[in-house]
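Following are the structures in question.
Two complexes come next, and they have one chain in common, chain A, joined by chain B in the first and chain C in the second.
So, the complex of A and B:
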């Protein structure tokens, strides 16, 4: 009996977290490759093999150095970012019972993951002792607060009908209607914020082309591989939270709950891959205006909407 | 065993190339950007192959050595139409002059480097701080007085200066970029003072290498040439320029399409070219190139616009185009297109409008085999002028991304007296 409980409440949930960290990151890379192909970019290699080849290349490449970097910070930042992504994935309930970290305040913990990511991204850029990396770091810090605020307002919106900050309760509250229907502004806002938080596509200002790679401009070899893995893992974690709080998580007919969660996560990742490649990068000043003047007020409206619906 | 397995897997991936451009090295970039198995990167740290394309003047050899030494091992250097540095001249060095063979040579070098068959090039400079400072100078920081020296590779933080936009006092950071910085014109070396993301000061230390114009424009200065030929080359010139801007805008697929269209300009039937260009121009607008990426800045004043001439002047409302004085063009119904704003979006709108105009001119010129009537004033695709202190005046006050977008929208290099091959 005890073994069965341990299997249900510890082993399987943790196995799912690690599977999502490995498999999810790989599938994200495949989806991104498929998106690139759908946009007409030529690829000499299969999209399934390309992420593996890239990983192998970075593993055999020398990890370089700069003059007087903050060595500890520089090496730790990618690992810390990966750890934050793992914490985020640990909050995703794969079924009613398979939850690695089922807290009464799990939504707050996700908020802290988003906030701490700002620190880690800054650490990555600052530690290299290089101007473009530093500029990328500052850009993220300057914009990060707006991302987090929008995310938090949207997430408070989904907590209202559940009357709880526990993600499992939020899933249960979607038994009749998913939040994506109940709060139509929520998911689109959260998707945009997800791209911004993981600095991808139009919101890739921290690791952007004009900074020749931004926070990772000086990084090569295994540390770069870990940084790229961590960025992708954070997006996978984000898709897990989005699938859970807006698309009903494990809820769905015929298939087992974990499979539903995975399918919903893949759908969100596919949308993110497409969105990320469709739009041109936005300038930092426009991004600031977009976040504070358009998306944040929309997040307020979403919250008011959620409150009114919850009261009715 | 493990390394062998990893290497085999790695060599199936795309070859990562950092292009260090010398004079007339751009062709290599355009060729490699279209090769499916090759990825061009913007920092030597992300590359396995250093491609030196075009002649590098001797006074930039030390800069080239610094770029060379930044590539992480294993790596190799290829020299395309370029003379290798003395210390790297050895038998079997990757030196070549054939553009068509370049992608194959890059792939071959990539595979051999990853497989460990081609030795990692040795480092050329000692691994010591470029600016020795510890224990030197008045305060042990390498310079005179309290603020001298470059401890830890950075100049001492200067007293905060008011921000150009809102007056907020912030620390400033001065960096030197170029001449191999791939995100602006090859050969440009500048000292940039930044305050956060804002350019406070931009001082050109070395002007970009002169750029060649297609030989047909020089030919037209000595004898009548087919207008269709001229206009096809004009289109190609603008589309290639667009490639750089689209890369900066994170639109790699459209950048690739722009280059593809540019390569087809010489031979593709004009109707098909026109159709493909219209679809391409629609995609530019739909995907936020104007609305999200291009800054509403980098505006040329009328003096600078007139000095620069060409499309940059016309984008600022100056009706100056040598084609209107040419009887051959007049017979085709040529009229000058202009914009008014003179800023970055206006310049790209002007260039796109001129590509569309070229398409119409080609179609009409082909029907009547029209040739130029004048050899005295030929309108180059880029304008023949150069404005002194243009960048020093234009870029301060812009965000860094806006400054690069502004640079990409202009032709700041001098016109080379030698034709493009």
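So, the complex of A and C:
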């Protein structure tokens, strides 16, 4: 009896978290490659092989060092970012029973992951003791607050109909109608915030080309591999939360719950990959205006909408 | 598995970690490092609060302190004139006063911990910590909390809207033209490309005739 409980509550959920950390990241890289190919970007290798060969190449590459870096931050930042992504994935309920971390405030813990990611990204850029990396770090912090605010308002919106901050209860509240229908502004805003928080596509301002690679300009070899894995893992965690709070998580006919969650996560990752390739990178100042003057008011409207619907 | 032993071990490890990182705040040599050591200390305290079943307050500690310490590090580096906070610097000042204040507050807090009579109330089985906290905070003071919250948010957004003018002379998309020396006048300090040498021309229209 105890063994089966252990299997249900600990082993399977953790296996899913690690599967998402490994397989999810790989599939994201493949989807990104497919999106790039659909826009006609030439690729020397097949999209299935490229992530593996890049990973292998980074693994055998020499890891760079700078003059007088902050040694702990320099080595720990990529690992901490990966750890935060793992915490995010641990919050995703794979089915009614398979939940790695089932807190009464798991939605707030996801908000904390977003906030602490800002610290870790800053640490990555700051600890290198290098100009462009520091500029990327400052840039991310300056913009990151607006990302977090939008995400918070959208997530408060999904907590309202569930009358709970527990992600499992939020899934249960979507039994009749998913939040993507009930709060139509929520998912689009959350998808844009997801790209911004993992600095991808149009919002790649922290590790951008104009900063010669930004926070990771000095990082090479295995630490670079961990950093890139962590950025992708954070996006996978993001897709897990989005699939859960907007697309009904494990709910769905015929198939078992975990399979539904995975399919929904893959659908969101595919949309993210396409969005990331479709939009051009915007300048930081225009990104700031976009976030504060357009997306944040839309998040307010989403929250008011959610509140009115919950009251009716 | 005896959960209470696990909780005890976790508590002691976290408590030692919180005190150690708190001590490092004053012994390190950079504002950024000091802020992040303080953040680690607060995170350890937040996990202890989770162990005490304060699930909202513990998790709130993570995101509040995360953003707070980040902003603090950023501003301190800007104001301390220490390039990027990576140059070694002394983190303590007014040594005698701070030693005295430290000893006094340690004695007071330790006396409170040892002498105060803490209530012995086991948690009820049907405890809903978030609901209980919400009633405690918002029961009678809903109006005050909500209006203060909305005012703070409006202030924050107002500040960003006012300060998000991009160029020194307006939006970057409209080209950066300095204002005229008089209302409606030509942009000040622009090179004259016609031959009216020396004269201040007050045509009120553009200077390319």
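The working rule: the second predicted complex is superposed on the first by the 312 of 312 C-alpha atoms of A that agree within 3 Å, B and C clash if a C-alpha of one lies under 4 Å from a C-alpha of the other, contacts with A are read in each partner's own complex, and residues count from 1 in each chain.
Everything below uses one rule, namely that contacts are C-beta pairs under 8 Å (C-beta built on N, C-alpha and C of every residue); 3 or more make two chains touch, one makes a residue touch a chain.
Computed from a prediction, not measured in an experiment: that's the story for all the values here.
Visitor: In the superposed arrangement, does A:52 touch chain B (first), chain C (second), both or neither?
Guide: A:52 contacts chain B only, not chain C.
Visitor: So, A:60: does it touch chain B (first), chain C (second), both, or neither?
Guide: first
Visitor: For A:293, decide between first (touching chain B), second (touching chain C), both and neither.
Guide: A:293 contacts chain C only, not chain B.
Visitor: Figure out whether A:165 sits in contact with chain B (first) or chain C (second), or with both, or with neither.
Guide: A:165 contacts chain C only, not chain B.
Visitor: Could you look at A:202 and tell me whether it touches chain B, chain C, both or neither (first, second, both, neither)?
Guide: In the superposition, A:202 touches chain B alone.
Visitor: Once chain A of both complexes is superposed, is A:42 in touch with chain B (first), chain C (second), both, or neither?
Guide: first
Visitor: Contact-wise, after the overlay, does A:285 reach chain B, chain C, both or neither (first, second, both, neither)?
Guide: The answer is both, since A:285 touches chain B and chain C.
Visitor: Does chain B (first) or chain C (second) touch A:126, or do both, or does neither?
Guide: It touches chain C, and chain B stays clear.
Visitor: Could you list which residues of chain A make contact with chain B in one structure and with chain C in the other?
Guide: 68, 129, 134, 138, 285
Visitor: Can you name the residues of chain B that touch chain A in the complex?
Guide: It comes out as residues 3, 6-7, 9-14, 16, 36-37, 41-43, 45-46, 48, 70, 72-74, 114, 129-130, 152-154, 173, 175, 181-183, 194, 196-197, 247-253, 256-257, 287-289, 292-293, 295, 399-402, 404-405.
Visitor: For chain C, which residues count as touching chain A in their complex?
Guide: For this pair, the touching residues of chain C are 30, 32-33, 36, 39, 55-56, 59-60, 62-63, 66-67, 69-71, 73-74, 84-86, 128-130, 157, 160-161, 164, 166, 172.
Visitor: Quick check on the complex: what are the chain A residues that touch chain B?
Guide: 36, 39-45, 49-50, 52-54, 56-57, 59-64, 66-68, 129, 131, 134-135, 138-139, 142, 201-202, 204-205, 208-213, 217-221, 224, 277-286
Visitor: Hey, which residues of chain A end up touching chain C in the complex?
Guide: Per the stated touch rule, the residues are 68, 70, 73, 103-105, 108-109, 111-112, 114-116, 118-119, 122-123, 126, 129, 134, 138, 141, 145-146, 148, 164-165, 285, 288-289, 292-293, 296.
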